[in-house]
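After this come two complexes, each holding chain A, first together with chain B and then together with chain C.
Moving on, here comes the complex of A and B:
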């Protein structure tokens, strides 16, 4: 199945009375976007108001607490539409043609629970740790309706849908625009791929999805990943939004929807596809709380790796703590099928970096890529402008009592920064 | 006595009042509510039961909320011992080691934030029990 991505480079965002993309500038009428968000009944029920802001690279701006980051895309040819099962109908995506508004993102921010996640600094030392500081961000700040305290699952759903709807609305503006650049991505059927690349090693990507409960969930074609068994996805399906994030906890190593759309493991495997390896498919598997689920899902992952006659598998994790167990179970069981693995994780090695990095381990996990130590302490300078609120900075993963100092600087662990130790390897800083 | 994997065999160890409030009577499981116990003390209690042959049904660590952030912990072990499982014992020992690795944060949590931490713990437990967490809250 072949997908063509047409990249429309966005160089500026401006508020305007009309909505359009012209000469690389996105013009947005916030009222028009807001009206579109409120067409959804859940949004209407649970979100009292939205405010919109624009954050550009290099500005003295801090966005917090960040919920999701989404790249606007629109399906212009072929079956289905973006975010299938959530925004578009459930129809298999990943073929045809999709336009991408590159260089920008829709960022949703606002409170859901009283301990909140995620900082994006657009300049200063914090900006180096988040890829989103390099994007033009259209920030949508949601304010909950009265009574939301007893309905946080519903409110979280409404904010998630609002972000996806905003991205869909913006993406639609790129439908008739001629892309600046196009690229094609194609994987093959099992037999076809073996015939085309008889001498190349067969490699798949085992993509682990956080799937545990409120603020810890991921959805595949609209299905809560915790209710699914391990299965196969074509890599191009993720590029059309088949996987979306409902994961708001642990800012540094959660995968936002932007990460899923632009998964660097997928991008790098495609870059090597047909040259040094045969990129067979993605295997998606969950990270549940119930131990028998972990057992079952990792058994299935290993079984599929064997069934596909793989030579190698890359395994990426999401989150920290009990997903370490899924990671090690997957790695160990896949290796025992005779398939070589490389795992991608991050570390909680203590502020001095001396503690054991993961909550689980096995000698078969002997090829590891790390996204960095999430416990490392960073001091973030005061910014001239805050989009969202600083109310929660003291009560944020990686923060501590007194994190927010009187002079406006923040001392905290890297955990607070959105995407800082991402376990797909989507990072700006590297030791390579 | 419930067979392995049967909800009758679920003993929920918890210090989270929301779990008792919203899950009592919603299944055949048993809730042992121990508000006086800390997060670590719940882990130690579970570890000792696992050492004595009780099955560990849920992973002792959360997916992302760090053990030094939240005071609440709920996990499920078997009501009856079914025989010692070295993997489960290892998970419990590792979880306590992870807990001890994180330094205390030192924040005093106000009631609304405590409720939110209760909610997350409750929601993750519901995920394991296959119970709709939101439906439970709205009764």
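Moving on, here comes the complex of A and C:
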């Protein structure tokens, strides 16, 4: 399966009566976007209002609480459309051509139903810890309708859909624009791949998906990952939004939809594909809370690794604590099938760095890449402008009573910053 | 005003002699000797070696107590800002002496210390107690070891925060510190996998710990006479979370009275835990802390009594050290109150 991505570099965003992308500037009419969001029944039922704002790199702006970050894309050639099974129909994606509005993102924010999170600072020390401080962000702040507290699952769904719809609407504006740069990605069939790369080690990406319930879910072609058996996905499918995030706790290591679209493991494996390894496919597996599910999912992951005759597997986790058990189960069982692993995780070693970083361990997990210690404390300066609300800073995962100080500074753990310790290996942050 | 350093070296680096002179007793000399010059030069006047202590490696090994006492007395008299030993590279007795004497100075005189040696040096066993710079396995590594040690030492003398082990050049000592790598994690992971698959060397960024297992106590013979306490890491708290237990990385635990409480309701209790879907726990906290079931058992005589207090914290992202600390404290309260067994629910 071959996919060509056409990158349209966005250098500015401006509100305007028109909606278009011209010479690298996105002109957008918030009312037009809002109308498009409200075409969805769930959004109509559960969102009282949306407000729109623009946050640019270097500005003294704080966005919080952040639900999702999504990159606008549009399928211009080939089967299916972006976000299959959620926005577009379920047709298989990952081939043909897709345009990407690079350098920007849609950020959904506002009151959410559980332990709100996270924070994106566009400047200051906090900006160093989130990749989203480097993007032009079109922020969509949602306000819940009356009675949403008794319908939290519905409200979360509505805000999730709203974000994806906004990204789809914006992405569509790039359909006729000529990309600034293109790149091609190809996955071969099993037999074809072996014939083309007979001497290269066969590697798959074992992609663990957060699936623990409200605010901890992930969707694949619209299917709740909790309900899915471990299965195979072609890497280019992720580039068209086959996997979307329904997950916003905790901020530092949850994978936003932006992370799924720009999965760095996929990108780096493709970069090595045909050179130092044969990138066979992705294996997606979940992180359910029931022991039987954990056993089944990890058994199936190891089974598929063996069936595919892999030499190696790169495993990325999402989340911490409970899913550390899934991570170690996967790693151990894959290794015992004779397939070598490297795992990517993050750490909760306490504010002093002295505690054990993972809730589970095994000597077979001897090749680990870490996204850093999420418990490390940071002090964020006051920002001139807040998009969203600071009301929840004290209770978000990583905050504490008194995190938001009277002088407007925030003392909290890195955990509160969206994407800070990402376990796909998106960032350069690490620990030793 | 520059910082004062006392430097400890062996007979070889003091140019007294090799193995045949390893028996020499400790000597105190003014200023720097041998490799001390490299350290002094690197500090460019910000710090200086005021005294050098030379001791034979065999002397230290065979008369450890005496050697320690002598060195400590000299260091105490000098009141330096820092004590540096070695670097010892792969010399085993020297490395042992460096780490041991550095540890003693640190513990007994409270002076910051630093040493350096090859990772396989037996002295490196003390790397979790004493800061040890990782060096090459021979004195040919002095060109790199001396500036690395000098730089780190100066930071310590200035009271600056030190970075991650990979950044500063010291042996990982069990304290995790964040830093920014040159490349993103995904690239590092792919490179690590390619190395592992071709049997080339690689270094894991996180060595797996070995966990201690807790042996369970003896089973209770007669439950009908036992006082059972309920505890949880599922974050169940009175409505409003009066003691502000954090939704993640809890800094404390709560102790709450349930005398007279038969059932937890949505009006009276909630969960503070940010790591699981809170909807069902908030609707009925008995789902995480089964007070209702234990009360029934109490009424039916299946258990003697449900303890009047429950202990709760949030397990989400909470460090093992903190969790251990909370339980050690409230376990004493449970013991004092005559509780026989605990049901600990987790999520």
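Criterion: the second predicted complex is superposed on the first by the 426 of 432 C-alpha atoms of A that agree within 3 Å, B and C clash if a C-alpha of one lies under 4 Å from a C-alpha of the other, contacts with A are read in each partner's own complex, and residues count from 1 in each chain.
Here, a residue touches a chain if its C-beta (ideal position, glycine included) is under 8 Å from a C-beta of that chain, and two chains touch if they have at least 3 such contacts.
Worth saying up front: this structure is predicted, and the values here are computed from it rather than measured.
With the C-alpha superposition on chain A as described, chain C and chain B clash in the combined arrangement. Once the two complexes are overlaid on the shared chain, A:365 sits against chain C while remaining clear of chain B.
In the superposition on chain A, contact of A:376 is made with chain C only, not with chain B.
Taking chain B and chain C in turn and counting the residues of chain A each one touches, the greater count comes from C.
Shared-chain residue A:292: touches chain B; no touch with chain C. In the superposition on chain A, A:82 makes contact with neither chain B nor chain C.
Of the two partner chains placed around the shared chain by superposition, neither chain B nor chain C is touched by A:19.
Of the two partner chains placed by the overlay, neither chain B nor chain C lies in contact with A:302. By the touch criterion defined above, A:345 lies against chain C but remains apart from chain B after alignment on the C-alpha atoms of chain A.
By the touch criterion stated above, A:226 is placed in contact with chain B alone, chain C being left untouched. In the superposed pair of complexes, A:400 makes contact with chain B and with chain C alike.
In the overlay built on chain A, none of the stretches 115-123, 277-285, 295-303 or 331-339 of chain C clash with chain B except 277-285. Shared contact residues on chain A (touching chain B in one structure, chain C in the other): 114-115, 152-153, 212-216, 249-250, 289, 320-322, 348, 350-351, 355-356, 394-395, 397, 399-401, 415. Note for the complex: chain C touches chain A at residues 164-167, 172, 174-190, 192-194, 196-198, 202, 204-211, 244, 246-249, 251, 274-279, 315-322, 347. Across the complex, chain A is touched by residues 5, 56-67, 69, 88, 91, 94-95, 97-98, 101-103, 105-110, 112-113, 115-117, 119-120, 123-128, 133-134, 137-138 of chain B. Interface of chain A with chain B (complex): residues 113-115, 149-154, 210-216, 226, 247, 249-250, 253-254, 287-292, 294, 319-325, 348, 350-351, 355-356, 359-360, 394-395, 397, 399-402, 415.
Residues of chain A that touch chain C in their complex: 114-115, 117, 128, 152-153, 201, 203, 212-216, 249-250, 264-265, 267-269, 271-272, 276-277, 289, 311-312, 314, 316, 320-322, 340-342, 344-345, 347-358, 361-363, 365-376, 394-401, 413-415, 422-432.
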